[in-house]
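These are the structures in question, set out in turn.
One chain, chain A, appears in both complexes that follow, with chain B as partner in the first and chain C in the second.
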Partner chain A sequence: MGRYIVKRLLLLIPILLGVSAIIFALKTVTPGDPARQILGNDATEEQVQAKRDELGLNDPVIVQYFRYIAGVCHGDFGESYRTGEPVLEELVPRLATSAKITLGAVAIGAILGVLLGVISALKKYTWVDSLVLVVSMFFQSVPEFVVGLVLIMIFAVNLHWLPASGIETWKGYILPMLTIGVSSIANYTRITRSSMLEVLGEDYIRTARAKGQTESKIVMRHAMRNTMIPVAQSIGTHLGNALGGGMVLETVFSVPGVGKYIVDAITARNYPSVLGGALMIAIILVVINLIVDISFVVIDPRLKTTIIAGGAKKPKKAKAA
Partner chain B sequence: MSENILSIKDLVVHYETDEEVVEAVNNISLEIGKGEILGLVGETGAGKTTTALSIMGLLPAKVGHVVQGSIKLEGEDLLQKSAKAMRDVRGKKISMIFQDPMTALNPVKTVGDQISEVILLHEKCSKAEALRKAQEMLAKVGIVPERYKDYPHQFSGGMKQRIVIAIALACEPELLIADEPTTALDVTIQAQILDMMRKLQKERGTSMILITHDLGVVAEMCDHCAVMYGGEIVEYGTVEQIFDNPKHPYTKALYRSIPSLDQDVERLHVIPGMVSDPSNLPSYCTFCDRCEEKNSHCAEHDPWIVDVEPGHWAKCFQYTPEWEGGK
Partner chain C sequence: MRFRKIAAFAMAATMMLSTAVSTQAAAVGANEDPANTEKTDETITIALASEPTTLAPSLSGTAANEAQIVSSTLMDTLVRQDKVTNEITPGLATAWEWVDDTHCKFTLRDDAKCYNGDTLTAEDVAWCINDVWVALNATNDTGMFVAGAVADDEHTVTIEFNLASPALLGMLSWTNFHVFSQADVEAAGGMEQATKTPFIGTGRYRFVEWKTTEYIKVERNEDYWDPDYAGYFKEIVFKFIGEPASREANVESGDVDVAADMPVIQASAFAESDAVKTVLYNYGQNGHLWYNMTEGHPTADINVRKAIDLALDFDNIAIVGTAGTAQAATGYIDFGSYYHNDTYTPEERAVDIDKAKELLAEAGYEDGLTLNTTYLAETETVHAVIKECLRQIGIDLVLNPTDVPTFVQTANSGDYDIMIIGEWMTDRIPSAFPFIRWDNIHGFHMGGPQTTTDELDGLVHQFIEEKDDETALGILQQIEQIMKDDCMVSNLYPEVKGAILNPDLKGFTTLERGYVCPYNFYK
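After this line comes the complex of A and B, so read on.
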């Protein structure tokens, strides 16, 4: 297991090199001069040139790239052009904010989605099943920011229950979490429903019935955990997507998270902040995926062998005719 | 064999899907004596599993229906019992072993939990007590009891089937239905499992229905034998009667299809034609299209059951007086 974790963490190296290379490449082709941006339109050409030298912007891109990588290896993500503060120090509290919203959103989506999925599997082909399908599809097909705006209209503007923006109190977290959460319900519902239906058709469910077990305990004790295997897999993907989707919504809700930080930095051509934010998200995604993979072992004992043996493989279904 | 543990009368079972009605079991009657092993033999699709699932009350919901008949366990009709009452029967009075041990166990639960589950359901005892009994059962089926903590994927196919048998026998059922318990296993392991089953069956005097398509297994294990074809029992008798004096053309054809050591395998007899299609059964003899002994009667009427010797009957016109008239 230890070796597996190390192996997965080593994967970070090429990923981070790749991500930073892409952003460096973008930096060379996007118009606009960060030095000019920092100093404003009143600055003279000499002042701008001096600033460019100071920031190392006159060196070849390759040199800048390796200088940056060397810094990152020492935990130095550079300083924000805008504030002059170390990027890492600015990022950490924003990461915490984004993490809370993402985790809350995924929890809302997963819990509601799994619940609805189980209900529609147990009531398959009835009106309950169809209703769940229609409602969850509705939330999935409307873009997140529209859902966000509608929720703001209802709960902030009309009912005054929740703030429209900012996270001064815990109430500020609710709308962003709900917005990201509800749009993923359909996904969880669909996966849970089909997984539950498949599991209920498995031979071991028939074995449980042959023991004289009740239907409700068959669902709870035999079907639920097996149903959760593909659901857990999609939680991993969803965590990543929610973190990414949060970028847009943090701006809609003016939440000071990593997403808004990166968006603001892009507008200001504040490259150290863009790079630092992007690298941080890449690191987090890799770590999240690792944690999800490891948590599979807890749900599905069959994976222990494959993971310890070196590769996280999906369990092969031994399905005989 | 005076007392019967189970008696099935005039059982008809249909599967009704959107496209068709499958007449899977057509009017069968059967009796199983206490402590005896009945072999239920026939090709795939004959209706063997359907018969077993009807006894267990486990026909697929909405699709599978018992259209008529009764299934009496020690005089009580199982078909009249409530769902709750049937749960008390399953696992306790009647147990069933399914064909494929690879998929019969829950992959995310330890085998100890899966055995103790059935004990906790039917016996008043603590969890610890149930687990201890589960370990005893493991030992009985030849698995080191310490392995109760292991998961199904850590066992081979043969060992999984031993665990399935441990679950089935944990509450000492009066009747065990084994649906092709060794078909999915290697030949060498088949013999070990059958030996073990017979030993446990003898020890406890459990009655048993052994479903198989292998007449060799019937000869080894059973007291009586019922041959199924197209959802009907076409011949019934003691194993000696069926082996020494097979009457129904289908039974005879089955014999010729058994490979034996002193026979040239290339000359193995294959029953010509296709297995009858239970969604489209003829009104005349079901076996007629494949029968090598038919005459003109066979394609006009459905034969009835005729006693050929005491305790031995066949469903074939040859043994009726009408036979002489046709050609």
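After this line comes the complex of A and C, so read on.
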């Protein structure tokens, strides 16, 4: 297991090199001069060039790239062009904010999605099943941006229950969490439903029924554990997507998270901040995936052989204990 | 057919948005409201479109919308200027007198207190002008026209300008010409730190806290020197909400009292709402379509420029660009300015497709041509109408919507055929006509329209320096006539800004360039 974790962590190196290389490549083709952004429209061309020299922007891209990578290896993600503060120092509190929202959103999505998926599976081919699928698919197909604004209109503008933006109090976290959460309900519902239907058809479930166990006990005690394996995998994926994809929503809700930080940095051509934010998200995604893989082994120790022997490959489902 | 559809849409928009016209009228009235007269313990929250990069623009050698808005609460200027009449009134200076064409002596009031409680002296003012305005702002307005200052005695300071112009006094009322003391700056941690924690200034409010990415908080200065100003709100909180729809929703929900810098199309959609108060206001800036006259661009040919001018449906462009609140421009300068000239008659503004096609054929483009333009997303609809107008004469306009940094770079590089950029001029300003003067000292260093002549450049300087307003108006007429004859630019419409307010809020006023003034609101 230890070797597997080390192997997966070593995979971080090519991933981070790839992410940083792509962003550096984009930087070279994106119009808009960071030096001009810093100095303003009134600056002369000489001043702009001097600033470019100071920032090292006149060096060949490959030199800039390896200089940056060398810094990252020493924990130096550069300094924000905008504030002059170390990017890492700026990122840490924002990551904490984004993490809170992401975890809350995933919890909302997973709890509601699993609940609806179980109901849907138990009431298969009835109007309840159809209603659950239609409602959850609706939330998945509407863009999060629109869901966010609609929730603002309902809960902030009309009901005045929650603030429309900001996170000065705990109430400020609810709408961003809800927006990201409801958009993922369909995913969890679908996975839970199909997984639950499959598990409910297994021999050991029939045996349990034959023994006279109540349906609720069968579902909760026997079916649920195996149903949760693909759901857990999906949670891992959703965690990463929610963290990386929260940029637009953090802007809509004016949440000082890492997503808004990157969006603001892109607008200002603040490349150290863009790079730092993107690399940090990449690191977190890789670590989350690793944790998810390890969690499979914890849920079902027999998967240890499969996962570790087969790398990141995971089985569709596990046999009942 | 497609053009007729756009025209029909524009007409429908005019009808729907007719309420917005009355809103604008109300806004002009609101601008005339006196400042508030009582103090409360309430807080006003103002949503800005983005977070400022500095809270002391002159110390950072820059000027940006949000920084100007916030810093206007903290610091004062030597003089003030009425935004409607352009009259210069006392600020930190109670009187002023021109010693000669380039030297002006200011008598300071003796009751303006710096942040540390000390009285602001002539030494403080001279230091700020020499070590901040001039030393740190050599390439922008703040330092470009000022040579230096000398403290004559404790309450008198003489400023030396490097050009002679009656417009200089009005310029000193702009927020980037704030005055503060060296002692305050040093106590705040030095020049760089003071841009982040500006415990400086003699202003109506005092800096409290800047929580990056969340808010900036300022608190009423209870010892403010101006007896005519009360400061209704005890605290002003600035929040940063980038998404306009979200800014508006925050006002509706009551979380925010003012949503500043709203795109006019979005703001006008709330003109009839009872839940919010919509303010659409003209701030003295006309939008102009500039032609890139650099060799190699089709628009270097005057026939192409004239053909485009004849193809443009100025009325519909103005309707779309101002949400139906203003008519098409008839001159380079805004209608509300003393310096406005009706350079074009209504007949000259009429669309003439046949004549435009003839001119294009004369230029050798009888089979049509392709042009490109770069613009900010907020003018998307205007550019859609322009594209359709040009399609009528066989010009395919390639639209490149972009963000501010790319827009600036494109303007600087001259990598465009046509481009809309506005110019603000309610009064004469020293940096007027940046694109048709050789020194091109202010604003975009446009790669294209910078093409000018000695004659034009000379007239611009005469216009700026002329002492007599009426003579200056005559000079301006000559400039505009040359620009018209050479079709250097097509004047489009007076640009309109929008703001959404809590309906109970009164006292909407603006700073220069239409920035929302944050300190005059009351209920």
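To be clear about the criterion, the second predicted complex is superposed on the first by the 305 of 321 C-alpha atoms of A that agree within 3 Å, B and C clash if a C-alpha of one lies under 4 Å from a C-alpha of the other, contacts with A are read in each partner's own complex, and residues count from 1 in each chain.
Convention: contacts are C-beta pairs under 8 Å (C-beta built on N, C-alpha and C of every residue); 3 or more make two chains touch, one makes a residue touch a chain.
Predicted model only: the values in this text are computed from it and were never measured.
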Under the stated touch criterion, which partner chain does A:D203 make contact with: chain B (first), chain C (second), both, or neither? first
With the two structures laid over each other on chain A, which partner does A:R52 touch: chain B (first), chain C (second), both, or neither? neither
Touch test for A:R225: chain B only (first), chain C only (second), both, or neither? first
Determine, under the contact definition given at the top, whether A:R8 touches first (chain B), second (chain C), both, or neither. neither
More residues of chain A in touch with chain C or with chain B? C
In the overlaid three-chain picture, which partner chain does A:K124 touch, first (chain B) or second (chain C), both, or neither? neither
Which residues, counting only chain B, touch chain A once they are in their complex? 56, 58, 86-92, 95-96, 98, 100, 102-109, 114, 117-118, 121-122, 151, 153, 164, 167-168, 184
Taking the complex as given, what residues does chain A use to touch chain B? 202-204, 206-214, 221-222, 225-226, 299-302, 305, 315, 318-320
Help me check something: in the complex, which residues belonging to chain C touch chain A? 50-51, 53, 61-64, 139-141, 196, 212-215, 239-243, 245-246, 249-250, 252-256, 275, 402-406, 408-410, 412, 442-445
Along chain A, where are the residues that touch chain C in the complex? 30-33, 36-37, 39-45, 47, 82-83, 90, 94, 149, 152-153, 156-157, 160, 163-168, 251-254, 256, 260-261, 263-264, 267-269
